[in-house]
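Chain naming follows the written order as A, B, C and D, and within any one chain the residues start at number 1.
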Amino acid sequence: MDDLSGAVSSGEHELGTAVQEAWLDDRELEVVRGRVPMVYVEAVPVRLDEVGQVTHVGLLLRAMADSTISRAIVSGRVLWGETVRQALQRHLDKDLGPSAFPRLPAAPAPFTVVEYMPDPTRTGYYDPRQHAVSLAYLVAVEGECEPSQEALDFVWISSEEAASAAVSAEMTGGQDRIVRLALAYAGRLP
Amino acid sequence: MDDLSGAVSSGEHELGTAVQEAWLDDRELEVVRGRVPMVYVEAVPVRLDEVGQVTHVGLLLRAMADSTISRAIVSGRVLWGETVRQALQRHLDKDLGPSAFPRLPAAPAPFTVVEYMPDPTRTGYYDPRQHAVSLAYLVAVEGECEPSQEALDFVWISSEEAASAAVSAEMTGGQDRIVRLALAYAGRLP
Amino acid sequence: MDDLSGAVSSGEHELGTAVQEAWLDDRELEVVRGRVPMVYVEAVPVRLDEVGQVTHVGLLLRAMADSTISRAIVSGRVLWGETVRQALQRHLDKDLGPSAFPRLPAAPAPFTVVEYMPDPTRTGYYDPRQHAVSLAYLVAVEGECEPSQEALDFVWISSEEAASAAVSAEMTGGQDRIVRLALAYAGRLP
Amino acid sequence: MDDLSGAVSSGEHELGTAVQEAWLDDRELEVVRGRVPMVYVEAVPVRLDEVGQVTHVGLLLRAMADSTISRAIVSGRVLWGETVRQALQRHLDKDLGPSAFPRLPAAPAPFTVVEYMPDPTRTGYYDPRQHAVSLAYLVAVEGECEPSQEALDFVWISSEEAASAAVSAEMTGGQDRIVRLALAYAGRLP
């Protein structure tokens, strides 16, 4: 681990002075991932009706860490020096595009904590690359979503459908369960 | 209680078929208030910054049930047949005006439950008229607030100031404590 | 759910000066129930393992307000002058017996709010007698449960089974959904 | 906070196959700490009365990362492969002794998320060694606490006193604020 270099990548540079994370190349990130749990955030994008009730869940279609093409929620790493809110905003912007206008929740407490492990039998949440502790938030989205170049598609699915076995079967790593937990938190699990 | 009449008031009428509460005149409401706890909702209006962090708390200036003129949050009764969300929306509309555009939270769970009692020593929350169980929510407000005819004023106060002893001294019935609990929930209590 | 009509029970008497609810006979309670929403509490009894994880859900078998014999969670009215904690304790004692040793949660916020309506299509939670706003809590139970004389049976069911369609079919009024929401809150919904 | 550098302790060894964290010597941990945020847990130990209400907060007296001797809550790192619950249990055992009998909460969601930064002006939570994202839980403790050899003292302080300016002045890094947020979550902030 001697050669963890100090250059700042362009990606982090955009965050300005808030994030001073040293550059981690692929090999270095892999080494760190084997030493300590990574901090992640998950955002379940939702549409609300006029009295704040969840009507739809937004799902991406993308290539996943487990090499499948699956429906997915917004999920990503918190960088060194970045706040949880900044990380949420950054991943939402990247995945849903600049016109999504996500409304980050006022409270810092997530609705659940997801523990991804390389061993799928440990917690039911699976990531072959790492142990990640992920803070999961429900995020109301008011604008129009355009999936980023990394995603193949983005769809709004009714809350009933989002909890169905058919949609669950299209998700991996336990993200279908995060969607059901999000719907339960919103009082909208069928 | 024989003469609890059945006429529907104009106030409830506006809610349409959702609310079929029988008309309660002042004396009848007083009788019911002595028999069962009333269901209430509280809304702490807040301004958020671009990453969802609370920056300001909105406070009304109004005549209170305890005959004082005090700073106050939005608070009111849930009517028979009315959902908690409808009640929140109705009281926010009434107190903050039609251009406030409050964002009701997606989750039905309040951040705290407030128990008003006619005996001020019971819970620290005091209402001389009744025992009320009140569900307290943080509500982001994006539009312009115009206090209703019942309120004398409406101001946005910074989150630091809202938790101060000076502002607390201008509130009664324990509402200053609700504001501090709301700020703590939002991670913004100094 | 409880039948709180009639003379003041010994259970209420024990609460002493805390509860000064006026006597409500059957007819009066019926009248009040048609005028204002009732305040209720629900408790989902759970067994935890040594690190606090839910392993089992406790379900009563009892005659319900809708005239069915169903599996049920602990549920009952908050009396005038009674705190939410006192009501929870009273209903848990009555339904699970004196050796249950329920651990009431430290936080006053329920994990969800349930709105029972006489119209089953309004919220999905149904009570033919009334509009009730119910605060739902997860309650760890460490002792032995003996169902009261009003209940026919009490069983501990694994968290997986408790969320199953088979067990859900044995519950009415939407209480199966409360169980699933409780499991989701505990991170244990399959 | 704990010092987890150095050889694998007997504490980690007891976790058996659950934790397979690679050995991190002092220098390696320091390097990793400068690259990614660390995952931490905080536990605010509390005494509850018979209806679950917080009456006292437990505070350690110890040497802190900022070189002060301060009052402190239980706080420590989540190891690679360790679940959040296991980490909580391990740190509670280490800091409060084997007879504390802490009751871990059933829900995985913390009451707040604390973001420690080496720059004290960023979030108000300060750790000179690292950026740590810490999940904060309220933990009811029923047994007797014996501070570990690392702590100089352990005391139970009334909830009113715990929120006072005098006690806050004896805490560092923002932990006094975590105590106030915990009390607010429990509805017990004065």
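One rule holds in what follows: a residue touches a chain if its C-beta (ideal position, glycine included) is under 8 Å from a C-beta of that chain, and two chains touch if they have at least 3 such contacts.
Note that the structure is a prediction, hence the values are computed from the model and not measured.
Asker: Can you list every chain in contact with both chain A and chain C?
Answerer: In this structure, the chains that contact chain C and also chain A are B, D.
Asker: Report which interface contains more C-beta contacts, comparing A-B against A-D.
Answerer: Result: the pair with more contacts is A-D.
Asker: In whole angstrom, what separates the CA-based centres of chain A and chain D?
Answerer: Distance between chain centres: 26 Å.
Asker: Can you give the whole-Å distance between the Cα centres of chain A and chain B?
Answerer: 35
Asker: What positions in chain D touch 2 or more of the other chains?
Answerer: Correct list: 83, 108-109, 111-113, 185, 187.
Asker: For chain C, which residues are in contact with chain B within the complex?
Answerer: Residue positions touching the partner: 18, 21-22, 24, 28, 31-32, 34-39, 77-84, 108-113, 115, 117, 122-123, 131, 133, 135.
Asker: Would you pull the chain A residues touching chain C in the complex into a rising list?
Answerer: Chain A reaches chain C through residues 112-113, 177, 180-181, 183-185, 187, 189-190.
Asker: Enumerate the contact residues on chain B facing chain A in the complex.
Answerer: My answer: residues 46, 48, 50-54, 83, 85-86, 88-89, 103-109, 111, 138, 140, 185-187.
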